[in-house]
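For clarity, chains are labelled A, B, C and D in written order, and residue numbers in each chain start from 1.
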Amino acid sequence: MTVKIEGVSEEVAAAMQETFANQGALQALGAKMTRIGRGTCEIVIPKSEAVTQHHGTFHGGVFGTMADTVGGFAAYSVLMPSRDGVAVEYKINMLAPGDGDALVGRAKVIKAGRSLAITTGEIFSSKNGEEKLCAIFQQTLFVIDKK
Amino acid sequence: MTVKIEGVSEEVAAAMQETFANQGALQALGAKMTRIGRGTCEIVIPKSEAVTQHHGTFHGGVFGTMADTVGGFAAYSVLMPSRDGVAVEYKINMLAPGDGDALVGRAKVIKAGRSLAITTGEIFSSKNGEEKLCAIFQQTLFVIDKK
Amino acid sequence: MTVKIEGVSEEVAAAMQETFANQGALQALGAKMTRIGRGTCEIVIPKSEAVTQHHGTFHGGVFGTMADTVGGFAAYSVLMPSRDGVAVEYKINMLAPGDGDALVGRAKVIKAGRSLAITTGEIFSSKNGEEKLCAIFQQTLFVIDKK
Amino acid sequence: MTVKIEGVSEEVAAAMQETFANQGALQALGAKMTRIGRGTCEIVIPKSEAVTQHHGTFHGGVFGTMADTVGGFAAYSVLMPSRDGVAVEYKINMLAPGDGDALVGRAKVIKAGRSLAITTGEIFSSKNGEEKLCAIFQQTLFVIDKK
């Protein structure tokens, strides 16, 4: 799976991909970053033993991991390379069970200010290529100037 | 690590532990349920490669997984065995990096009504036996009557 | 200010407007419902002494009132007249001070299930006819069947 | 109703009370600050036409106003007089209708860092002197250094 990159510099895309690769939690879930845009991001988490709850569908915690991650990387796309962001809170509504063969998360930056960035996004369950909206979220990041 | 059980029947404790064991996402993280009370629960997630972000501390998504899980099991302690609960939303504030050797989550049921249960909880980073508060959360579950 | 109505029956629109008129809190703020659609709603709260915080801009609580109200009425547009909805939680991110001469809230229903309805929306500050995005929110309502 | 003050300087208490008096939205609701502590605050909103929804109980927006306000003033008690705080987000769960003759909100500061303060609190409905828990909330404020 190659990453589709649009609207950000090679430097930003490379920094995002390196950060993504360095997150053990994402590697353990087999997560892939599939799209990077200016202020947007798409991530896919495939179905595996590591993502399930007791009914065999995607665990609510994996929805939270998706929200925290895809929102964060959408923010990185406008903050990097000179600035970093740290998620300070998020809120997620789960609308339907994640019963597909993958979760697809898409986030966008609503505001990237000097101190705070706010993102929102949607998480879909993908089954045989068809997507169903399963969750929506809002997230706040604290913005950090790198030296 | 044995589970400390207080205030719930053996049947409830057994149902909770079976549900916990059947959640692949928790097994992948090495999570343990360490205390069960009437309307309360404690869960521990040890440090491993599977929980880190790029700075090597606990990933924000693992905080979400902890919140969703420990809140849910606190609710199960009053709902099981005749009823089940499904998390429909949660919100988490992260106060400090999870830089310890384990995350410890503790939740309590604020209300368990006929249709909805509300929980709240705290997540601590444990380092050399000392705990530091790292996150707080609120969660809503939809209550389901089992046949 | 007349209400623009589209996509809902006269009965639904009338029920929504009667409910709106019976909310003392909205009357005290001088709130007006300006648009009703199928699963959408728009409400305006004009600037007055009753809405300000100590810097003279719209109070954070008025943002919350707007979120709770416009989300609720968006849900009513699909639930009424046979069903009612009660907000059980909402979460709001404030992005910028509400320094205009009115707040404009727009909400849409993301899901209206048998038991729960989820809405999301945006709140703008309007100044000399120009709108600036000031807040975003998510809300959950519990759905009630009327006898 | 006199304000019970404990653990804060006269200067801080005076600054808090002046700020409170200058919020038109609180005056319109007849809100009173009844307790100030170090990192804590209590506020009361009496029943009136200005707070009701269509069933005659306290409006969900008034719950939000209470959360935003009592959380904010709890934060002010540790930030003032050298620093100020601006609420950037809050999330509220409503557990029961506010059917009493007053709402009583109590908040405490969970963390007051250099850039962000986090508060949590409970809102009770008071009826003939008896309190019933009606809502819980979490709030984030951005901290501002005054010149």
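Note that in this section a residue touches a chain if its C-beta (ideal position, glycine included) is under 8 Å from a C-beta of that chain, and two chains touch if they have at least 3 such contacts.
Here the structure is a predicted model, which means the values were calculated and not measured.
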| item | value |
| --- | --- |
| Contact-richer chain pair (by C-beta pairs counted) among B-C and A-C | A-C |
| Farthest chain relative to chain C (centres taken as mean CA coordinates) | B |
| Rounded Å distance between chain A and chain C, as computed from the means of their C-alpha atoms | 29 |
| Intercentroid distance (Cα basis), chain D paired with chain C, Å | 23 |
| Averaged-CA centre spacing for the pair chain C and chain B, given as whole angstrom | 34 |
| Chain D, residues touching no fewer than two other chains | 88-89, 91, 93, 138, 140 |
| Residues of chain D that touch chain A when the two form their complex | 88-89, 91, 115-116, 138, 140, 142 |
| Touching residues (chain side chain B, partner chain A) in the complex | 19, 22-28, 48-54, 59-69, 72, 87-94 |
| Parts of chain A lying in touch with chain C, wherever the complex brings them together | 91, 93, 95-96, 110-111, 118, 120, 133, 136-138, 140 |
